[in-house]
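Below is the structure I would like to discuss, written out as C-alpha cells.
When the chains are written out, they are named A, B, C, D and E in that same order, and each has its own residue count from 1.
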Amino acid sequence: MGAFDTLFQWAFLVPLFPLVGFVIVGFFGDRMKKAEYGGWVAVVLSGLAMFVGILIAIGEALSPGTYTDASYTWLNLPGTQSVFSNGFSLVMGTLVDPISALMLVVVNVVGFLVMLYSIAYMHHDQGLPRYYAELSLFLVAMNGLVLSDNLLEFFLFWELVGVCSYFLIGFYYEKPSAASAAKEAFLVTRVGDVLFLLGIFLYFATYATSGGGAGWAASGFKFTNGNTPFLGSLVGSASSPTLTIAGLMMLAGAAGKSAQFPLDVWLPDAMEGPTTVSALIHAATMVAAGVYLLVVVSLFLGFTADDRLAIVAVGGFTTIWAASMALVNTDIKRVVAYSTISQLGYMVLAVGAGFAMVGLYHLFTHAFFKALLFLAAGSVIHAVGTQDLLKMGGLRKSMRVTWIAFFVGAMSLSGIPPFAGFWSKDDVLASVYSQVGAHPLYWPFLLCAFATVFLTAYYIFRAWFLAFDGDGSRDASLPHAHEAPWAMRLPLIVLSGLALVAGLFAFVPSFANLLPGAGVPPTYGTTDLMLSATSVGLGFGGLGLAYLMWGNGRVFTLPADSPLQPFRTVLLRRYYVKDAYDWFGLKAVYGLSRAADFVDQYVIDGTVRGIERAFSQLSDAGRRLQTGVVSDYAAYVVSGLVGLLVFLLWIAPWLVRSVGGG
Amino acid sequence: MDAVSWTWFLPEAFLLGAALVVFLLDAVGVRKIEAVGAVSVGAVLLALLAVISDLGFDPLGFLSTLPASVIDSGGGSTSLYAFSSLGLVFQGIFLLSALLVALASLSRPSDEAGASVFYGLLLMATLGMMLVAIAADLIFLLIAIEVTGIATYLMVGYTRKDARGLEAAMKFYIIGALSTALSFFGASLLFGAYGSTNFLVLSQGLGGVTESTLALVGYAFLIVGLAFKVTLVPFHAWAVDVYDGAPTDVSAFLAGGTKKMGVFAFFLVFIGPLSILTARAVSCSGSVCVAPYDFRPSVQLTLGVLAILTMTVGNLLALLQKEMKRMLAYSSVSQAGYMMIGIAIGTAPALAGATLQVFAHVFMKAGAFLVVAGVSALGVGPLIAQYRGLGQKRPYLGVAFALLLLSLAGIPLTLGFVSKFVLFSAAVQASTVPGQSFFFWLAVAGLLNSAVSVFYYARVLKVMYMEPPDPAVPLDGPAGDPTAGLGFGRTAAIILAVVAIVGLGIYPQPVLSAIQSAATHFVATGA
Amino acid sequence: MSLEELAFLVLAAIAVGTALAALLVRELVHTILWISVFFVALSGIYFLLQADFLGILQLGVYAGAVTILLLFGVMVTRKRIFSREAATGIGPFPLALALVSIVILSGVAAGLPTQPRTVHAYSPAALSEQLFTTDGGWLVLLGLTMLSALAGAIYLVREGRE
Amino acid sequence: MVPILSILLLTLLGGTVLTFASGKQARWVALGTSIVFLFETFYLLDAYTAWPGRAGLYAVPQYSFSESYAWISLPWLHINYTVGVDGISLILILLTAFLQIATVVYCWTETNRPAAWFGLVLLTCLGSIGVFIALDILLFFLFWEATLIPMFFMIGYWGGPKRRYAALKFFVYTHVASIVMLVALLAVAFYAHAASFDFADIFVATHSPGFPIVTQALLFLALFFGFGVKFPIVPFHTWLPDAHVEAPTGGSVLLAGLLLKLGGYGLIRWAVEVLPQGLAHTSWIVYAVAFASIVWGSVLSLSQRDLKRMVAYSSINHMGIVLLAIAVYSSLGLLAAVLLMFAHGVVSGLLFMASGSVHHSFGTRDIASLHGITPKAPVLATMIMVGSLASLGLPALISFPAEFAALLATWDRLGYWVVVPLLILVVTAGFYLWMMQRVLFGPPQNVPEKAHDLDVYETAGMAILVALIILYGVLPGFLVNVIVNSPVYGFP
Amino acid sequence: MSGLVLAQFLGLSAALLGIGLFGILTRRNFILLLIAIEVAINAAVLNFVYFAGFASGPGGVSGQAAAVVVVGLAATEVAVGLAIVLALNRQRGSINVAEASTLRQ
C-alpha cells in the first residue's frame, strides 16, 4: 500500500475525461454554434486529464510503488483440456506504477498542448468537431493503454489507438493520398498486431504451464503478481524456444506500432494527416507505444538473449535506415517523420541491450522535442502553406518563435548538450556499449547508432537551414509569412522549455523515481565520457556539414554528376521497399485473389453449374426417348424384361453372394 | 376374426350395384352428370364407410385401434381371397382416390356426353382395385387387375372425339395388354414351378415341377407385369403420355388410384404372409437340413435397383418438363420409386412407410391433377409457364396447389414429408441389421432424389408466385368469388385433399398407427 | 421318338411358322388366315396334351370368334379388303430383344427334366367343377371385365350424339 | 411450470399468421410481435438459472424450460415434441430477437406486398427459433426446413435481377444438404439404437460403448457436410454469394445473420455433442476445411466488386473461424464459436443493411464505381465503418472477444497453425480497408443527384445493431456468462 | 400315353412369346399388334395347359381352369382393343400406331 493509493484509485479519470470529451464533441459538436466550442470543450477536458495525470506522476515520484485496481471481469473464459486447464478470468482495471505515471505525463502534456495548438491550427477546417472527437478518443485509448493492468487490456487499447490513428491520418479523407496512407498505416501495423496477439498466446501458454507463472496464468495476463513490486518475479523465470518466439512476436508488434524496420513504411506516409496529429500520435505517443510495450515486456516477462539480439538488430538497423532516408527528403514533415523512426530505433536498441529504463528515458525526452519539432514544422506549414523545404527559406525573420523552437528541437534531437536529447541518447549509446561483450553482433549496430548521430544532426539542421535561412527568395510565390497566433505559440514555448530541461529530470531525485536506473546507467567513467564526447562530436560534425552545404554560407553542394547521385535516388525511392510492398499488395495478393476468384467462379461454381447442366442434358436426352411411338415404349418394356431376367438370374445372385447379403 | 361373412363384401357390392345402376340409367337415357355422379359418390361413400367399419370404426379412437387380426383366408388353403387389415387399409385408400375423382368430376359440364359411362367405368375400376386388395390367388389377382385395366383403358378414351385421349387410350391399351400377356406368362411359369397359383400353396412350395429357376423367371415376368401398373422405369413410358392425353380427372384417378393397386399387388406377391419369398420351409432329411435356394436377397436387390432407377429417371425427366401434366406424370413415376423402397425392404416399418406414401400420394397427386383440371377449366394452357401469377390472381387455388406441390416435394408439415420420413427411417432402420446395408443406400438415394425433385416443384412455385400474371389469361373470376369457375365438387375435392395433406402432416399419429399395426400384422402373420 | 413327340414337333413347327407368317405377310387378310391356322395348331397341341375341353375352347373362341372379330376389324378399317400393308422394316433391336428372350427362356427350358413324362388327363366335368366352385372367383372377375368392356366398348364405337 | 418455449413459438406463429393477414398494416403487427418476442426472450434470459453442472463429460445433458409431448409413436419410431434450451440456444435466440426487430424496423418502408414480406421475415425467425430449441430429430429438421421456404420466396420475389436463379439455387443446394443431414441423423438414431428421436436418448445411445467408432466417424462426416453447406464450408459455398447478391436487404440480413448460424448450432448440438468420437477421428478433415474456408473466404473478398458479394465472402471467412473453434473441441472453443456466431450475426446484418442502403441511395453496389460517398451520406458511411471495423475484429467491438477466444482455443489445440487464421486477419483487414478507401473516401465521383443519406427507419434499424456491437464489445461478459451456463460447457 | 418332354413345350411357348414380342415391337398396324399380343397370350395359355398336364398334385386341374379364364380374358381384350381401333380409325382415318404420336417428350 502506497501513500497515494487514494489518489491512484482515481486514475481512471485520466481516460474518462477525454471520453466525456469524445461523447460531447462527437455527438453534439456539429450542432454547436461555433465549431471551436467543441474544440474548447475537448481542450478543457484534456487539460483536466493532464492535471490528474500530473498529480499521479507526482504521487508516484514521491512514493513509488505499484497500485492496481482491477475489478471489472471482462471475460470469464473456460478452461480447456490441454493447457488452460482451470480456465481464467480477464479482469480489467488500472495499474499505476512509476513508468505508467511517466507515460501519463508524456501523453497528457503533449496531448493537451497539441489540442490547444490545434484550436488555432485547425480553426478553418470544417471537420473540426470530428477532429476533436477523434483526438479525444485517441487520448482515451492512449491513456487506457498506459494504465493497462494486463497484457490483453493493453492489446485492446493498442488496437484502439491504431484505429484512432487510422481515422486521423485519413482526416482529409477526400484526398486519395490521405485515404491510402490511412489504410496503409492500419494494414502494416495490423501485421504487427496479429503477431503481437500470437505472442500473447505464447506467453500465456508458457507461463500457464510452467511452474513459475501459475499465478500469472490464473490472474489472466496480468502485469503484476499481486501487489509485489513492479519489477515482477517472472523475469527470466523460464527460457525456451517458445519464449524466444514470443519475444520476437512482441518485437513484431512493437515494430509495427513503432515503425521499425521492416514495418516502417507507413509512418512517413502517415504525414498525410494534420501536422498536429503527427506531433501527438506519430511522434510523441502512439508510435512510442511499441517501445513502451517492449519496456513493459522486458520488465515483467523478460526477453531471452536471442530476443535481445533481434531487438538490438532491429533497433540499431532502423536508426541508420530511417536517418539515411531523411538525408535527402525535402518534405519538412517527412524529414521529421524519418527522424522519429530513427529515434524510435534508439529506444528499441536500448531495450534490446537490456536497459529498458534507458529506452523509456529516451522516449520521454523524445516525446517533447519531437512534438516540438512537429508543431514548429506545423507552424511553418501554417504560415507558408507548403511542406516543400525547397520552396521555403528566410522564415527566420518573420517567425522568430518558431525559428527558435525548431532550433531547440533540432539541437535536442541531435544530442547536443545540455538539451534533453543529449542525456537520453547518451544513455542509450552508453548502455549499448556496455553490452557489446554479450554478442559480437552488437558491434555493428552500435556503430550504426553512432553513425546515425552524425546523420541526424545533418538532416535536421539541413531542414532548419533550408526553412529558415536564406533570403526567402527561393519561391517567389510564397505568401508573406506571419508568426502563428498565441494558441500555437504557447505550446511551442512550453515544449521548447521541456525539450531543454526534460533530460535533467532523470537526475532530479524524486523524478528519478519514475525512471529508476535510467539516469545514471553506467558509472560515468572514462569510457563513458569518451562515448559522450564522440557522440557530441558527431553531432556537431553533422551540424557543421549541414551548415556547409545548406546554411547561408553554402560552402559546397553536391554536384549533379556526383557518383553519390544514384544513392540519392535510391534514398528518395525509400530503398524501393514501399514499391515492393505495393507490388506485394496490389499485384501479388490481389492477383492471387483474382486468380482465386476465377477458380471460385469457373472451377467450383462451374462444377455446381456443370452438375446442373449435366442434369439438364440427361433430362433432355431422356425426354427424347419419350418418342410418342408406342412401339418404342413396348421396346422399353421388353428391354426391361430382358434386363430384369438377366439381373435376377445372374447378376443379383452374384452380387448377393459376393457382397454377402441383400 | 372368424370366417368371412358376406358382409365383408359389402363395399364391393355397393360399387358393383352402383355401376349397374349407372349403366342402367344410361340405357334408359338418364345421362345427367348430377344424377350418375350422385349415385357414384354415394356408393363410394357407402363403400368407404363399410371399409372403415370393417377396420374397426370407433368414433372415439378413430383408426387408432385397428384390430390386428382382420385376416381370414376365407375357407381353407385354396381360397381365392383373404382379408387382411392392410388390404382393408388399401381398400380405403382406393375408395378415397375414387371419392376425390368422383367428387371433382361432378363439376364438369352437366350435359357432357359419356358422363354415365365415365362414372360406371370409374366404379368398375374401383371395384377391380378393391378385389386386388383381397386377392389370395395369383390368377385372381391378375384378373382383378385386368378388371381395373379394361375399365381404365376405356376411361382414358371415353371422350371419343378427343384425338389426344384416343391416342392415350391406344398406348395405354397396347402396353397394358402386353404386360397382361407377360404377367400371365409369369403366372403360368409359377404355376408350373409350384403346381398352383394360390399364394398359400405357392408359399409352401408344394407340388409341380419345383424348379427354382423356373420360379425365378416367373417372378421376373410378374415383376414386369406389375411394374407396368406401378410405372416403374423402364416400364413407365406409357404413363407420361397417358396422364398427359387422358382427361385430367382420369389422370388424377390413374395416378392417384390405379397405380396404388400395383403397389398392393407387389405387397401381396413379394411381402405378404403368403408370399413365396417369406415362407419357404427348410427341407430336412434326417438330421441334415438344407436351406432351399433363397430368392429373397436377389429379388430384394432387383426391386431396390428398380426403385432407384425409377426415382432417378422420373425426377430427371421431370426436371425440364414444360407441361404441367407431364411434369406431374414424371413426378408420379418418381414417387412410385419411393414406394418401391418399402417393397424392396419388406419389413413392417418399411411397409408402413410405403403404405403411408401411397396414402399421401392419393391426396397429393390426385389433388394436384384436380387443381390442374380446375385451372385448365379456367382457360389456362397446359404449359407450366402459363401458370404465371396464379398465386396472386387466385390465392386459394394457388395456396392449395403450392401445398400439394410442397407435399410432393417432401417439405415438412405435410403428409408427403411424414410419409417419406417414415419410409426412409424404416430403410435406415432395416439397414442396421448386419448384411442389409444396401437398404441404407436406398434411403440415401431416395432422399437425394427427393432433394432433386424440389427443383421442379420449386420451379412451379416460382412461376406461380414470382412472375407477373399474364394479362391474356383470364384468371380473374367474377369479383369477390375466388372459387368461381371451379364448381362445388372440384372445390370440395381439393379442400379435402389439402386438409388431409396438412392436417395429417401436422398430426399423423392416428393414420400412422393404424397403418403400422396393419403392416406389422401383414408381415408377421403366417396364414 | 414317340408318336406323340413327332406329332408335337409337327404341330409346334406349324404353330411357329404360322405365327411368324401371320406377322410377316403384308396382306392383312392373309394374316387373319395364317393366325387362324395358328390357333388350330395350338388346339391340336391341347388335344395332344389330353386337354380336350381346352382344345375345343381354343377352336371355338380363337379360331372362331377372335378370328372373326379380327377380320371384322380389318374390314372396317380398310377401304379395300385386299390392300397391302406398307412394308415395315425389321429393326435389329426388336429382333435381338425377341431372340434374347427366347434364348433365355429356352435356356431355362433346357434346365428342366428332359425325360419323357406322362400327362394327366382331366375330365371336362372335373374342370367345370373346378371352374364353378373352387376357382369360381375367376369367372366372376372375368364377368366383371366383360361388363366394363361391354359398356365401354359399345360407348366408344357408338357414334356420339353431338 | 409455464411452457415458456411453446409460448415463444406461439407468439411468433400467431404474429406471423396475423402479419400475413393484416395487409398494409403488417409492419405494425410485425413490430409488435418482435417487441413482445424480445421481451419474452429477456424473460427467458432472466429466468435461466445456472446450469447445475454435469456429472461427467459424457453424462446426459439437462436442458432448461424443457417440454416434451408425444407426437408420433410407433413400435419402432418414437418422435416427440421436445424443446428445451441451454445457454447456447439462448444466445442465438437473443440474436434472433434482435435481428428480427432490426430487420422489421429497417424494412419499415417496404411497400411491395408488405404483408407477405413481413410475414416471411417473421416466419424465417420462427424457423430459426425452432431450430434453436428443438431437441428431437424430426422437430429439428422440420424447423430447419421451415427456414428455407420463406427465404426462397424472399429472394425469389423481392430480390435482384437474377433472383429466380439464385432462389432456386439456394433452395436446391441447401435442401440437398439438409437431406444428407437428415439421413445422417436418422442413421445416428438407428445405428446407435436410440430409444427415441429425443436428443437425450440419442445422446445416451451414442455414448454407449457399443457404438462402433468407424460408424461414428462416417456419420459425423455426413453431418458435417449437411451442416457445413449451411455454414458454408469451402468448396460447398457458391450458393451463398449468389443468394446474397440477389436477395433483398432484409433477406440478406436474415440469411447471413440467422440461417448461417443454424449450421453452426446444428454442428455443435447434433454432430459434435452427439458424436464426439466421430469428430475426434475426423478432426483433420474438419480442420482442413476450416482453414480452407478461412483462407478462401478472405482472399476472395479482396477481389469482389459487389459490396454484398464481398460481405458474403467475408462471412465464409468468419464462419470458417467458427468451424475451427468448434473443431478444436474444447469449452473455450465452443464459447468462442457461439460468441462469434452472435457477433457475426449482428455485424454481417449491419453490413448487409449498409450495402442495401448504398444500393438504394447510390444506385449501385459496385465498389469500383462508388467513390467518396461520405460527404453525401455521412451516417451511412459511419455505419459501414463501424460494421467493417467490427468485422475485422477491432477490440471493444463485438467480434474481438470472440475471435480472441477462438484463436486462443486454436492455439491451445493446434499450436502454430494458429498463424494461418491470424495472418488471414490481416487480409480481412485489408479488404475492408480497401473497400472503405474506395467507397467512403476520396473525392466524390459518380454520385447521383438523388443520392441521399439514410432515412430514419434505416438508421434506427442499423442503430440497434450498432448499439449491440458496442455494448457487447465492451461488455462481452454478459453473453459469456450465459454460454458458460450450458451443458455443452462440459466439453473438455 | 407317354413320351412328351416338358422342356420342349416350354421351348415352344418361349418361341411363341418371342414371336409375339417381336410382332409387338415391329408392327405398326393396330390389328397386327392385337394379333401379336394374342400370340404372346397363347404362349401363356399353352404353359398353363401343359403344366396342368404334367402336374403331379391335385391342383393340376386349376391350371386348365386358369387357361380357360385366360382365353376368355384374351377375347375380352381383343374386343376392347377393336373398340379402340374403330374409334381411332374414325378419329384419324388410320390405325398406324406410329402415326399417333402427338403426345411425346
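Keep this in mind: a contact is a pair of C-beta atoms (placed from the backbone, for glycine too) under 8 Å apart; a residue touches a chain by one contact, two chains touch by 3 or more.
Just so you know, these numbers come straight off a predicted model, no measurement behind them.
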| item | value |
| --- | --- |
| Subunit C and subunit A - chains in contact with each | B, E |
| Third chains touching both subunit C and subunit B | A, E |
| Chain hops separating subunit B from subunit A, counting only touching neighbours | 1 |
| Between the pairs C-E and A-E, the one where more C-beta pairs touch | C-E |
| Centre-most chain, if every chain is reduced to its averaged C-alpha atoms | D |
| From subunit E, the most remote chain by mean C-alpha position | A |
| Chain whose mean Cα position lies farthest from subunit C | A |
| Whole-Å gap between the CA centroids of subunit A and subunit D | 36 |
| Subunit B and subunit E, separation of their C-alpha mean positions in angstrom | 27 |
| Whole-Å gap between the CA centroids of subunit D and subunit E | 64 |
| Separation of subunit B from subunit D, taking each centre as the mean of its C-alpha atoms, in whole Å | 42 |
| Per-residue overlap in subunit A, given as positions that touch at least 2 other chains | 623, 626, 628, 630, 634-635, 638-639, 641, 645, 649 |
| For subunit B, residues that touch 2 or more chains besides their own | 78, 139, 143, 146, 150, 153-154, 157, 160-161, 170-171, 174, 178, 182, 209, 213, 217, 240-241, 452 |
| Chain pairs that touch, as defined at the top of this document | A-B, A-C, A-D, A-E, B-C, B-D, B-E, C-E |
| Residues on subunit A engaged by subunit E in the complex (per definition of touch) | 623-624, 626-631, 634-635, 638 |
| Of subunit A, residues touching subunit B in the complex | 615-616, 618-620, 622-623, 625-626, 628, 630, 632-634, 636-637, 639-641, 643-645, 647-649, 652-653, 655-656, 659-662 |
| Residue ranges of subunit E in contact with subunit A within the complex | 21, 24-28, 97-98, 100-105 |
| In the complex, subunit E residues that touch subunit B | 6, 10, 13, 17, 20, 24, 30, 33-34, 37, 40-41, 43-45, 47-48, 51-52, 54-57, 59-60, 62-63, 66, 69-70, 73, 76-77, 80-81, 83-84, 87-88, 91-92, 97, 100-105 |
| Contacting residues of subunit B [partner subunit A, same complex] | 170-171, 174-175, 178-179, 182, 213, 216-217, 219-221, 223-224, 227-228, 233-235, 237-238, 240-241, 296-302, 305-306, 313, 316-321, 434-436, 438-439, 452 |
